[in-house]
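Look for subunit A in each of the two complexes below; its partner is subunit B in the first and subunit C in the second.
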Partner chain A sequence: MTTRPTARSPRPSAVRRGPTVRRRAARTGQYLALLGYLVFLAFPLLWLVSTAFKPPRELASLHPGWIPDHPTLDNFRQAFDEQPLLRSAGNSLIASLAAAAITVVIATPMAYVMARHHRSPLSRAATGWIVVSQAFPFVLVIIPLFLVLKEVRLIDSLSGLIMVYVVWSLPFALWMLAGYARAVPRELEEAAAVDGASRLRTLISVTMPLLAPGIVATALFAFITAWNEFFFALVLLKSPQKQTMPVILTHFIGTEGVADLGPLAAASLLATLPSLVLFAVIQRRITSGTLAGAVKH
Partner chain B sequence: MIPVTAASARSDQGSAPPPSAAPGKGPGRAASGHRAWFLVLPALIPILLLSVGPLLYGIVLAFTDSQAGRTDPTQWIGLLNFQDLLRDTLFWESFRIGLVWAVAVSVPQFLLALGLALLLNQNLRFRWLSRALAIVPWAMPEVVVGIMWRLVYHPDAGLLNETLGTHRDWLGSLSTALPAVVVVGIWARLPQVTVTLLAGLSNVPRELHEAAAMDGAGAWRRFRTVTWPAIRPIALAISALSFIWNVNSFALVYVLTGGGPGGRTRLPMLFAYEEAFRYGQFGYAAAMGCVLVAVVSILLAVHLVARLKGDDDA
Partner chain C sequence: MRRRTLLAASAAGTLSAAGTLLSACAPGRRRASDGRITLRFQSLAWQQESIEANKQLVAEWNEAHPDIRVDYVQGSWDSVHDQLLTSFEGGEAPDIIHDATDDLADFAYGGYLADLTDLLPRRLKDEIPPQTWQTATFGGAVHGVPFLQEPRVLIANRALLERSRVRIPTPERPWSWGEFEDAAKELTRDGTYGVAWPLKEPVSATLNLSLSTGGKVFHRGADGKVTVRFDAADQRVPRVIHDQLGGDRSAARTTLGMGGSDTLPGFFGGKYAMVPLGFSYRQQIVQQAPKGFAWTVLPSPAGPGGDQRQGVSPQTLSIAADSPYQREAARFIDFFLRPPHMVRLARGDWMLPTGLTALRDPALHTRRHGWATGAALAGRLRPAPAQSVRGYPEWKDKVATPALQEYYSGAIGMRELRERLVEDGNLVLARYQR
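After this line comes the complex of A and B, so read on.
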């Protein structure tokens, strides 16, 4: 498909790591690009952290520095004083835990069926729904949901929100879990069946343990999704004592857009920590287990 | 270990044989078919009740005059909402902003992410740091991303003004608000697209690359003939997804500007949200949702057709 390079590159090793000038220039360019990426990615984050630890006087100064001269934890204390942070964190925790637990409990059996009978009309319909649900315009779903939940008096309640979160994380959960279920060798189940185990027994004592890491990863992912979610919580929860953390965070900004920067940054930092930690744990599984795998199939 | 079954298990990962391939005394097909329904119901019922149902209900609502706090019964009004939408200049303005936003975010985001993925696929130092950092914006709540960038753009205490020595109100002035918000949009999902493309790059056979290099193919040529064909499906999938995500954006811009100044950043979702939950116009907002779905579906169909065509060529 290309001309033989008799003149230019005599040895293969020279092609791969020849220390030519051009090569070195390319490497420099690559490192510069990487640096630009790191700056673009890291600087807003560092600024958030820095703001969270700055005393009011430094925040008001005309030339705020990177590192606070007199770092303080006052912003965190003030954040808790200004808004019901603790309660909202509790609400978020309840909603996220419940959503994650319910999601995996109802998604695992279905994902298993999708993996084992993926030619059946049901599995095809489920796959289609998963794809379509990625394009769901929330407006079109939230208005009827709002009306329905209001009808059954589940508006302004965490239970209503949890129900919405479960359905909202289901497509991705099914996607992930079906991927894991496909990876469980079928012959292990067959061996158990030959040994006389019932299908349910096989499922519980053979398949589930092998699926466990996938189930944990999926649950954590559902947890993070719910913990970070804003739109549904904004629409469905009205009273401040029921609101979740992302909604409470927007109260710091106020209606006029004037914000107490220090406490705002401090509270934001606190709200990010749980999902950050969990995400670090499952990051590899998410990327390898989802889209890449999905496209390969 | 057991050649035959192992092979059948492996083929199951791809386009697998029908489930009847399970031999002998294994879980019988007829029985498992019945049990399958039982296993599927716990997920199926909520999906139908809380997702498919509301979606259909939403479409019906678009043809009614449903409003918040209405005492007399809701009326079927046919296409009236859609006729109103056609005449609503604010809606078209918001629609236009939404398209500009989605394109202005998705395209640079994809190109940047592709460059970065190729970069991070190289054997560079600090690669681990970039990969570690890449997950942070992904894990952050969108609300916090918005707040963080408000701090960066802040007229007095902001990082950007401090760095540039300016005193601009980036989010508050008519000319800079949309570009400023677009930068945040790119930042927020850049890692997601990058990491996905990186996963795609791991499928590129290294030997093929080396063979092409030995044949004297330059970097661009190797990218076109070896890398791109291998990551094309995943690239198309993630670009379509990110476009949809951006069309449906809400939290980021809600926190950054609330749609202002002067509606300059009022994305369609913000518009619909206000219409429904501030002014109580449920039917009208639902009609807006329908228009959005229709447009996104058409764009997606075009995208998919392009994809299928490309596969035929390959």
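After this line comes the complex of A and C, so read on.
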């Protein structure tokens, strides 16, 4: 026996269509919002690219266009002629890579300990101190720091600068990495122990691979922090041969904020490239880490 | 400013502990075993021609003086105050320091800069007029050699100017402020504003131009203490700007938050007939103006009786107080600022030299790019009113900038502007003068 749908009760297809349409509309809205956000994020970079290739007369146009009418490489030529961009990029790269590597090496075991003992008073105190340390502005610490580095003869040296970068990014790196470490299920380590793995073996073979995305993200954070840092580099490095990229970029800026816009944009574009490349290379590593299915319940 | 205040506080805290330690480090530094010494010269030159001129002069010195080598270090205007303060505190300051007079007061009063009175040769002292020396004189001691200065001028669209019925002013017959208002009105038509005031940083522009109407704002009493006043003479220029923006609308309101460079596209596009700018902006105009765009340089308006005085904060060369080679540094400055060299530096920066001989150089009197107009104004330049006032940076950032911005935008009237500048301002200055 079959029952005919009544006039009041909607047909099954109609029941499905309503939520489907709504779902599609919602998804379209989400995509539009995401697209808008991406455009918002990309705008400065696209404008930078556009500016870097514009001749001076187009830079001062009342109706600037996205695509230069007469694209030129003169801005890049001038930037390279006026300032030692390659040398400064090399200095920045050394400082940033070293700072990122050292930060990760120090932060990883500390973060693991903090994550596994996060209820202990010591761990809580450490977390509190990390939060407080983030509140210090650069200018409050710069003079004592300068004096300390001077005492140990690390003024005007990339080693001194790297040390400062490590110290400066370590608290946040620690905090960040501790969050990742907490997400690694303790049960996995216990399972490894039951299977006879030593503590060290468990850490190397079980915990570290799962922590890898967090380590990569933290390294990226430390790298970008150091790569973009200006004030410490300005104050601590004296020799022109040791200056980093952000310091060199300010040489295109004059009094009252007047800037040599074309060469500044060209140099800034070059300065953003390493971060972008690095991010493109390792972003897969950040997102690939997943714990799904790692634990049997 | 907040950064500067924090840094000053931090500096004060560590100064006493560091003092003895650092003084021990100074002697003998940078002297090679053969007796050759090396001086560090931090330059803030940033334009291509200017950097070239600086580097060439340093190279010429090094060639002629093998025993006193100068290392050229490129600094930057951005954060120079904080960078220098840290360097002074750490005993690592460059021997020869390029800066501007309005940034020197803190360093001079803090004892970081050498007194140059007995270090400089008579030739250099006589080259620079007394009123210019005043800009770098603090507490009776000279702490910098002013060598480049920049008057404010009106850069005008020549075609629009010639098409109108306004009289074209010259340094000999400048506009009065009233004539300037009339000219701006006359030039306002068909979507073009007579004038665009770039007022992102309104304080120095307002104060420096107000000298022509007798404005002083800062008054030093017999006890040496400075107080703020904002009398009729001080109010004349702000009133003109305010009325142009909100009254007859001969000035574009959209430029209120702009810096000088931001107004150039509108200027080239015929949106504004005149833009009050620093003299050095001509370099950007030459570089960026569309082909065939005709422009000219006019003197700023004059006050009663043709008073064309205006305040400036010249660029300076100073010597660090803890430099062990002050005499050698002074010799370098003397060489660096010889008249022909000053001309090279001035042309590189599109500014005016302070030296009288350099100012007479024919290269600076050509009508091309308005050099002659600027050179004719040089004798009317005076120390900026706030030059040696301690606490001025805080007054400027915390009190005057927001108050003037609100006044120009029409949010507050002259009465409230006056109250804020004077009452809040005097509270700020009092803290520095206790």
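Everything below uses one rule, namely that the second predicted complex is superposed on the first by the 207 of 297 C-alpha atoms of A that agree within 3 Å, B and C clash if a C-alpha of one lies under 4 Å from a C-alpha of the other, contacts with A are read in each partner's own complex, and residues count from 1 in each chain.
Here is the rule we go by: a contact is a pair of C-beta atoms (placed from the backbone, for glycine too) under 8 Å apart; a residue touches a chain by one contact, two chains touch by 3 or more.
These figures come from a predicted structure and were not determined experimentally.
Q: When both complexes are superposed, which of subunit B and subunit C contacts more residues belonging to subunit A?
A: After superposing on chain A, more of subunit A is contacted by B.
Q: Based on the superposed arrangement, let me know which partner A:Phe231 touches: subunit B (first), subunit C (second), both, or neither?
A: Touch partners of A:Phe231: subunit B and subunit C.
Q: By the touch definition at the top of the document, which applies to A:Leu140: first (subunit B), second (subunit C), both, or neither?
A: Touch status of A:Leu140: both partners.
Q: Contacts for A:His251 in the overlay, against subunit B (first) and subunit C (second): which applies, first, second, both or neither?
A: second
Q: Examine A:Tyr31 and indicate which partner it touches, taking first as subunit B and second as subunit C; both and neither are also allowed.
A: Touch partner of A:Tyr31: subunit B, not subunit C.
Q: After the superposition on A, what does A:Leu59 contact: first (subunit B), second (subunit C), both or neither?
A: It touches subunit B and subunit C both.
Q: Pick one for A:Ile155: touches subunit B only (first), subunit C only (second), both, or neither.
A: A:Ile155 sits against subunit C, while subunit B stays out of touch.
Q: After overlaying the two complexes on chain A, where does the subunit B footprint on subunit A coincide with the subunit C footprint?
A: 59-64, 137, 139-144, 146-147, 230-231, 235, 250, 252-253, 257, 259, 261
Q: Can you list the residues on subunit C that touch subunit A in the complex?
A: Contacts found on subunit C: 3, 6-7, 10-11, 14, 17-18, 21, 25, 40, 46-48, 51, 72-74, 76-79, 82-83, 86-87, 89-92, 100, 200-201, 259-261, 264-266, 268-269, 271, 278, 280-281, 284, 287-291.
Q: Flag every residue of subunit A that touches subunit B in the complex, lowest number first.
A: These residues of subunit A touch subunit B: 1-5, 8-9, 12, 15-16, 26, 30-31, 33-34, 37-38, 40-45, 47-48, 51, 59-64, 105-107, 109-110, 112-113, 116-120, 122, 126, 129, 133-148, 163-164, 166-167, 170, 174, 182-183, 185-187, 189-190, 193-194, 199, 202, 224, 227-231, 235, 245-246, 249-250, 252-253, 257, 259, 261, 264-265, 268, 271-272, 275-276, 278-280, 283, 287-288, 291-292, 294-297.
Q: In the complex of these two chains, what residues of subunit B are touching subunit A?
A: Spelled out, the residues of subunit B in touch with subunit A are 2, 5-6, 8-9, 12-16, 18-19, 22-27, 31-33, 35-37, 39-40, 42-44, 46-47, 50-55, 57-59, 61, 66, 115-116, 119, 122, 124-127, 129-130, 133-144, 147-152, 154, 156-157, 159, 162, 187, 190-191, 195-196, 198-200, 202-203, 210, 212-217, 219, 221, 225, 233-234, 237-238, 241, 244, 247-248, 250-251, 254-255, 258, 269, 272-273, 276-277, 282, 285-286, 288-290, 292-293, 296-297, 300.
Q: How about subunit A: which of its residues touch subunit C in the complex?
A: Per the stated touch rule, the residues are 56-57, 59-64, 78, 81-83, 137, 139-144, 146-147, 150-151, 155-156, 230-231, 234-235, 238-240, 243, 247, 250-261.
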